[in-house]
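Both complexes shown next keep chain A, but they swap its partner, so chain B is in the first and chain C is in the second.
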Partner chain A sequence: MAFAWKAAGLTYNRYLAVAARVVRRSLKEEQRIGVERRGEMDLKFAKWQNGKQGDNKNLADANTSAMAEHAGQQTAQ
Partner chain B sequence: MNSFRFARAALRARPTMMRQPLQRRGYAEAVSDKIKLTLALPHQSIYKSLDVVQVNIPAESGEMGVLANHVPSIEQLKPGLVEIIEESGGSKQFFLSGGFAIVQPNSQLSINAVEGFPLEEFSSEAVRSQIAEAQKIAGGSGSEQDIAEAKIELEVLESLQAALK
Partner chain C sequence: MLSRAARPALRAGAAVTARPIVPNAANFATLREIEGRLKSIRNIEKITKTMKIVASTKLTRAQKAMTESRSYGEASNTVFEKAETKPLEGEGKKTLIVVASSDKGLCGGIHSGLSKYTRAMLHNKPDADIVVLGEKCKAQLGRSNGKNIVLSFANVGKDVPTFADAQAIADQICLLPTDYASIQIVYNKFLNAQSYEPTPVEAFSEEAIKNSPNFAAFEIDDEVLSNLREYALANSLFWALAEGHACEQSARRNAMDNASNNAADMINKFQILFNRTRQAVITGELVEIITGAAASEQ
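Let's look at the complex of A and B:
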């Protein structure tokens, strides 16, 4: 099966997150309020090299740039 | 002459061979005609191994209905409507954002999804306004990833809009 989002470098995990986010946003107002926070993610990470901690980076930003880097690679396989 | 006698012996032998599997059939009647459904989200399980009659799922390979004694299989789900026909005869509809359905050999069905809500909890107005927004992004000049994400949103929203009608 060919998926258009794969060609743009998106992972299945990202696909599910986007689909879940839009489902939450489509709820009626009273249901939406408690539920929207489930989609929030604010993880940070740092790479350790030679015994020293590198810069703190936002995981979401790092993922976005990794996806842009991998765009077009899946279709070549 | 010899071969003729052999054929007659074979003819006589066959009826007893065919009778045997027929006698074994009684066993099948003891098997339940219900399927145990587990519908789980990361934060909640909507069904926990409950006997139901039939489940209709939107698999990536096409819509399918699952009854008891279904062939074991693993199906990727499209964002879409899952319909559950319960033992009492009533049916419930949930919209799932996409995940997997696993049909296990002993009449068990596990459905995993990220988000799932009863159909009546959705607002068609919110769907309509989001479609307009996603169409703008999909046709705009954003990054390749933004456009791909907007197209995923459109796929979900169009499926949701069709289910709400």
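Let's look at the complex of A and C:
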């Protein structure tokens, strides 16, 4: 597998998000302020089981931890 | 038993009909009552008017975001159109329905329209799973089809949806344990400022992409295919979210416009009622004074 980010457990979307963040941060100060709002994400999510809602969790944290787990699996293989 | 149970309801009904027809009863209590109601309706009108203005300004931004996001969705759809990708038809294949609603109400029937549409889809495919974006549809679908829901997202639609939102949601959907044959994203299609329509958009699974007749034309490696699928899902989600957001704002604007109009009508009616009552009170007082004066003269 040629992709280093894939080995690190990132999904393509996550990879894109990180790349986009890097581009935004390297912009000049004036442009950066307006543009950086586009990268904000403040969603919460909850898993459901048997018709019951689980705990509300922060999506960003959950995604990072899920990917960290995924990375562990990949190296184990 | 039944008549006794029905009686309070009857009485309540009678009270409601009796209330507006009291202008000839010349006492100060009703006058003050009418004044109080008039005041509260005026306040409501002010609130709905302000909300309408807020929604109008947000609508222009939302529409701009929608046209921009449309190009994302259309570009990724062109690939599948050219490849002639078809959703997989097969037994035992699970379907995932993503409902793109939002957190906020006070915008007419756009959330219940989505819920109804989703329920109709579930009627055909009772074992389909649901992912709900937004609190409103979560409450509605959670009551009727709670067993089908696997994920729900909150904090959707506070502002114009960003691509980062769509990406994070797509990631979480990809992490779901079940392998879905097809993902249907249900959103409100923006027809014009007045009307919208719940529409499904298809996000294809890897297998479906691989089986499409013109797939060979693109020369995509198998390894990259999952990337394409994830990215296409994020694109479609972004499109659905942005278009749904625009619909919501326009629906809210219309709802608030109607509410302000109704409030204005009510204010008119109550103003007339108030004036009549006031005149009746004055006339009654005059009659009392004159008769009193006439009586004391004699």
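By definition in this document, the second predicted complex is superposed on the first by the 70 of 77 C-alpha atoms of A that agree within 3 Å, B and C clash if a C-alpha of one lies under 4 Å from a C-alpha of the other, contacts with A are read in each partner's own complex, and residues count from 1 in each chain.
Here is the rule we use: a residue touches a chain if its C-beta (ideal position, glycine included) is under 8 Å from a C-beta of that chain, and two chains touch if they have at least 3 such contacts.
The shown structure was predicted, so the numbers you read here are calculated from the model rather than taken from an experiment.
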Side-by-side fit of chain B and chain C on chain A, or clash: fit
First, second, both or neither for A:N56, with chain B first and chain C second: second
Touching partner for A:A66 - first (chain B), second (chain C), both, neither: second
Partner chain(s) touched by A:F45 [first = chain B, second = chain C, both, neither]: second
First, second, both or neither for A:W5, with chain B first and chain C second: first
Which of chain B and chain C A:L16 touches, first, second, both or neither: both
Which of chain B and chain C A:I33 touches, first, second, both or neither: neither
Chain A-centred angle between chain C and chain B, computed on Cα centres after superposition, in steps of 10 °: 100
After fitting on chain A: smallest Cα gap, chain B-chain C, Å: 5
Contact residues of chain A, present in both the chain B and the chain C interface: 1, 14, 16-17, 20, 38
Complex contacts: residues of chain C adjacent to chain A: 138, 142, 146-147, 149-156, 158, 162-165, 167-172, 174-175, 223, 226-227, 230-231, 234
Residues of chain A defined as touching chain B within the complex: 1, 4-5, 7-10, 14-20, 22-29, 31, 38, 64, 67-68, 71
Sites on chain A touched by chain C in the complex: 1-2, 11-14, 16-17, 20, 37-48, 50-53, 56, 59-60, 62-63, 66
Sites on chain B touched by chain A in the complex: 43, 60, 79, 95, 97-99, 114-115, 117, 121-123, 126-127, 130, 134, 143-145, 147-149, 151-153, 155-157, 160
